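A, B, C and D are the chain letters, set down in written order, and residue numbers restart from 1 in every chain.
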Amino acid sequence: MDIFDRLESEVRSYCRGWPVVFGEARGSHVYDETGRPYLDFFAGAGSLNYGHNHPELKAALLDYLAGDSIVHSLDAHTVAKRDFLETFGEVVLRPRGLDYKVQFPGPAGNNAVEAALKLARKITGRETVVSFTNGFHGMTLGALAVTGNSMKRHGAGVPLNHAATMPFDNYLDGQTPDFLWLRSLLEDSGSGLDRPAAVIVETVQGEGGINVASAAWLRGLSDLCREHDILLIVDDIQMGCGRTGPFFSFEHAGIEPDIVTLSKSISGYGLPLALTLFKRHLDVWEPGEHNGTFRGPNPSFVTGTAALNLFWRDDRLEKETRTKGELVEDALTALAADLPGTGAHVRGRGLARGIGFTEQGVAKAVCAEAFRRGLLMETSGPEDEVVKLLPPLTTSEEDLRRGLDILAESARAAVRTPQPV
Amino acid sequence: MDIFDRLESEVRSYCRGWPVVFGEARGSHVYDETGRPYLDFFAGAGSLNYGHNHPELKAALLDYLAGDSIVHSLDAHTVAKRDFLETFGEVVLRPRGLDYKVQFPGPAGNNAVEAALKLARKITGRETVVSFTNGFHGMTLGALAVTGNSMKRHGAGVPLNHAATMPFDNYLDGQTPDFLWLRSLLEDSGSGLDRPAAVIVETVQGEGGINVASAAWLRGLSDLCREHDILLIVDDIQMGCGRTGPFFSFEHAGIEPDIVTLSKSISGYGLPLALTLFKRHLDVWEPGEHNGTFRGPNPSFVTGTAALNLFWRDDRLEKETRTKGELVEDALTALAADLPGTGAHVRGRGLARGIGFTEQGVAKAVCAEAFRRGLLMETSGPEDEVVKLLPPLTTSEEDLRRGLDILAESARAAVRTPQPV
Amino acid sequence: MDIFDRLESEVRSYCRGWPVVFGEARGSHVYDETGRPYLDFFAGAGSLNYGHNHPELKAALLDYLAGDSIVHSLDAHTVAKRDFLETFGEVVLRPRGLDYKVQFPGPAGNNAVEAALKLARKITGRETVVSFTNGFHGMTLGALAVTGNSMKRHGAGVPLNHAATMPFDNYLDGQTPDFLWLRSLLEDSGSGLDRPAAVIVETVQGEGGINVASAAWLRGLSDLCREHDILLIVDDIQMGCGRTGPFFSFEHAGIEPDIVTLSKSISGYGLPLALTLFKRHLDVWEPGEHNGTFRGPNPSFVTGTAALNLFWRDDRLEKETRTKGELVEDALTALAADLPGTGAHVRGRGLARGIGFTEQGVAKAVCAEAFRRGLLMETSGPEDEVVKLLPPLTTSEEDLRRGLDILAESARAAVRTPQPV
Amino acid sequence: MDIFDRLESEVRSYCRGWPVVFGEARGSHVYDETGRPYLDFFAGAGSLNYGHNHPELKAALLDYLAGDSIVHSLDAHTVAKRDFLETFGEVVLRPRGLDYKVQFPGPAGNNAVEAALKLARKITGRETVVSFTNGFHGMTLGALAVTGNSMKRHGAGVPLNHAATMPFDNYLDGQTPDFLWLRSLLEDSGSGLDRPAAVIVETVQGEGGINVASAAWLRGLSDLCREHDILLIVDDIQMGCGRTGPFFSFEHAGIEPDIVTLSKSISGYGLPLALTLFKRHLDVWEPGEHNGTFRGPNPSFVTGTAALNLFWRDDRLEKETRTKGELVEDALTALAADLPGTGAHVRGRGLARGIGFTEQGVAKAVCAEAFRRGLLMETSGPEDEVVKLLPPLTTSEEDLRRGLDILAESARAAVRTPQPV
């Protein structure tokens, strides 16, 4: 393993909590090179909603590659892209009545966010974008400016501007009415907040600690944006593609964002792909005004198309996710009750779940204990105070239960052991 | 084809010059869905230096995928990443005496650039980055600030700051000594240029119009940076991986940049992958200070490793590229001489070549004529005034000659036809 | 008068509400060139706390000028500056136990603010400055970034950055605990607010609409700043020099700001002068790091010294201001009660008072009616919804009553007349 | 004197080279409090073109003040302002055919610059302002961004943006054609320089080291601006009001700037006053969009009017300045020839003159020696390498010669004495 120490930058992080070398992976399991299995409750931070190497997606991919179909094509037209667009339109957009256009802004989520911000500023001629406490949108300079985490912001090396942070749902513990502050700023010409181009929001903040925005709050935000002619961007990179149940995480709120970003699980196979969606009349881009080399990764289109066909032509997955989510919630609730004095509390929606601890260091210790027991999980939240559960949506109930058992054991072990800070 | 019109954003560009739907691709040829072949002199803007779907890389990739090896792993350790790092160290770094560490900053070139800029600013505690006229470094906000193209800059929707543009080699047509201006600014405490964190430069500007920096100019720049304690970043995304002959495009100049960015052809197969390299002592990143979902695309590692093993364990490819480059240069020189009155002139190094026209619209017309004759080429330069040739390095001499013949025919046809502006 | 129309920029403003040409001025009265007197309840926006052309200050000034004492001296030492410093130390600083150093940053309030912001950023190495809704700090680019008014911000022509706006006392109508939001942002490493260099605040917002911060709120702010190692800047340009009673407007709160700005009435005679005060250990300026031509306006020092000697060696003025303030408050309260349906409400402290109207246009109409009746007043607040009373502190009770009578009459007249919007 | 040490900030500068306390001042002489006279070759950095306490200006000022004429009036109409505007129109604008409108942006030069920049950005809707190496425009954040001096820039504490520095006339020692670089940037859509709102330039850089722009260079700049629809701002704060001979320093070049800033000597008496002038059609300000407390300092109007009447109704002063300038130039040229090995060289126009030294520390030493001999002078240039001569324009030839003799003596003394660095 010392090749990693010797050659790879100190910036690497996940590998520090999982000090093994992974080799194979199938469904909800990953195997290290010695063949030891790990149950994966992290799913590539939400990039593997359908598990690792799903056999039907794999078949489509192998078939595509074996036939010498085109792999790299910039933004030229390809058969694979056409299939993807047709399927996305038919399976995702049309049934939901969404008249969006699709931009392929680059291979990663940050490209989708950067394109969304650029487009919103171009459309409105304004600069400021409102983001929310503990929001996470990416590491490139534009995306970082709307991201809350101070350590990551500090990495910019330049001041991050043109953004204003507002309280996420329930951030102020119910001590103030929703949007009182944002509405006051918008309605007061002396407030010092320049009229924003857009608001960017996650419906459930994954990196921020599995913080859930209620449907009412999302509707309130949408209304406020409409009233003030501000574009609403939902960053659905982590919570989209069914993570919370429906394909888009905002569906249950009955809102229709002006701009939506997708990535992570959109290729379905863990391959890089990102989409920026926007209402048809907002497509004011000049040809080539935003470009990039990997905007048309055909293998990602192929697995993405297969995944849409397999999982989104009916509501089976959505229902299963809801059911499994409740199973997880119940287990976590029971576990929290079983850990008195730790401030354990439960959060989440669908299969984006978390158990938070007020005592510092506990969450990290729980994940370490879980890893020792063959379960992959990660922390989130500004102080790494939340154990985050993002199992593949396709995880069997049996595996879910097994993982939850390991988690419970790990939590009890971690709480027994005094934590070094 | 109308699914593209209906669903895909107006931002799409390459597809406008090539109004067909591509299906398969092998080596230097791409086929549209009707089976019509196109000789590819664009190579994914330099992402396909080894051609499309190279059989040995394909075999490695199919083997990897078929065996359920892990595809997505964030920045965890994997067998595929270890192989890549070991091979990269052994084949690329060690023989060149480069003691670099490797960061995987995300799947695309812009991630490599953003990471490079962040790191340079963090190391120095300064903000300003010097870039060059007609430089191109990417579309995310940090990368865009050091990119010259005004249309793309305008797309930012916010002022682009913390950057200063300087004349690229020969920009001022020899009417002023190299670095007179930059050196004066650096040495004069009243100049108004805040001391830069870094300089970012391409050795050959691909998007900027195939503008070649001489070895002497690059050495001068490197010396100036050293003198003033400024980090030198070479963006080798398009010109690296052998495009100009040697693996790194700066090797012939005998300089050793502090930071190097790689992407495009580093996976060898057109799959997304990007690297930021920096001298060992510059690795001041905190764990996780820059992160991202697609930092460890294992399929890209697999094909990247295979490509390094296949092409870079000896100097055969480098020599061939030099020879083929001369072949192209000779043909272009002859062609230019054959197009009097068009201001045709020849530029480039290795297999990054261009023929520029002073008359507006000619280059675009040449590419259109070429497409009709089954040859894929693109323009570059601020006014699209240069026909750019980036054939796969593996293109046979026969195909090269054939493509050059088509180009010559196309140029003559374009010049005969009056150009609408 | 058409010379003004012909030659002076459209930017001029006060002259539009007072379409006469002023000639002489004595105490609380200004006379137009025909000799018509106006009772002045505006006092140069708080620059004439001791009235116009106070005879003792005038005598000192004439004596100084007549004797060919030096007028302009950059920041050289002069007798006049020494006298001012000695008097300021003895009369203002020492009795209040304030160990401040004094910077003369230029002749105007914005210079004092710009110097304060620069110093706070230099000391802390941070960029962000927290300001408050409806704060007003000046028109130069640094000061404008912490000013709330959107029309004035828009005049910048560039985005205004490195600042974050927070709710002023009672901004959210008691619907949220004080500092809940700011404290949450400061204590949450994921909040998106970069750690601020400083907070800049007015104890009573003059331009913002005579919004009064309570002593408890100011103490809370001071404590929060101390806890988080953030510098507290009180901008006392309009409210200092006795406007609210004590010399500094923050004295009653028992806080000791790190940095204080003074201007307007500090020369006592309406002559340009500005001071930036800061705790001794914060004096980290390099010699000449902030300079300017008019930093040592000796005539201003002379009248400033005379004013300090005359008004601040005892507590007479402070007591009178308090008494007169109550007189005004009572009259305004009675008036508000007498204007049902207008939403009239009373605000202020000392002799900074306002009567606000919820109905748009009323305040402007009241001022217009007052002008017709020989009383100078101005509106303030983001929508010009507040009639602002800033009479000279030296206004006799008789004149105060007379002015208040005119105001009452004017208000009744304005309310009777339907307002065009 | 220790009150200054004890109470005044370390930022003070001029007083460090002149460690005495000044009391009186008449014409070209300043007296310390013991009565020792100093011949003043600094003239308040160009604020005292008509000398200290000119008797006719003083008479007008005393008369104005004695009669209780209004001193402070914000931007209301006053008799004094009207007189000033009428006189300025009649004496300055009309004879020169300049159809400018006049803004009173605040009392200091930086206010004039800030207003100019804001207006240029508002008019054009662009952000970037081009400034020149070693330009000096003031210490407020907007003005500082277009100022070259690195120590002063560093004082900002935030990155200074929206500006680009270009080579001043002869900056590159004739090694490159004028405007080759700026013109290339403007004409190349890939240059990375966003289209500027304006160019801001001094015709002679005072603080920058008495660097003189030739008439041809200024015309070239003006033409380039016109061609590219960029506003030309001449900052005439130090060089206006006759310092170089004519009232405006740009007159000899035959150009007509879009915007002009004036301050320093415009009041004629060392009192704070500043003007921003702009072509009539550029007056797009909203009422009150830029405001400030000390925009209408009536005493400054009074002395300013008197000065215009006294000095600018005929061309006597202009001619005298030219003659005296030649006298100074001849003396400096002789002196430079007399100081072999020091790299002494002579610069300037009119009565803005300098003698520069290549050896570090010499200029400072010369000024110190001069002070000991009763002559006030200051250094300028980025390394304080130039002794700057800005005597009052009204200095008698006898005094000029006497000062030049002292300077020669001081220079010889300084050169004899080895300089500590």
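By definition in this document, a residue touches a chain if its C-beta (ideal position, glycine included) is under 8 Å from a C-beta of that chain, and two chains touch if they have at least 3 such contacts.
What you are looking at is a predicted structure, and each value in this text was computed from that prediction instead of being measured.
Among the remaining chains, those touching subunit A as well as subunit C are B, D.
Seen from the C-alpha centroid of subunit B, the farthest chain centroid is that of C. A straight line joining the Cα centres of subunit B and subunit C is 58 Å long. Between the Cα centres of subunit A and subunit B there is a gap of 31 Å.
Inter-chain spacing, taken between the CA centroids of subunit B and subunit D, is 49 Å.
Of all residues in subunit C, those touching 2 or more other chains are 127, 151, 158-159, 161-162, listed in ascending order. Contacts from subunit D toward subunit A in the complex involve residues 158-159.
Partner subunit D is touched in their complex by these residues of subunit B: 127-128, 131-135, 146-151, 153, 159-165, 167, 171-172, 175-177, 180-181, 184-185, 188-195, 208-209, 381-383. By the touch criterion given at the top, residues 1, 3-4, 6-16, 18-26, 30, 33, 44-45, 47-48, 52-53, 58, 61-62, 65-79, 81-82, 85-86, 88-89, 93, 101-111, 114-115, 117-122, 125, 127, 138-143, 145, 151-152, 154-158, 161-162, 197, 237, 263-264, 269-272, 276, 278, 283-294, 297, 299 of subunit C touch subunit D in their complex.
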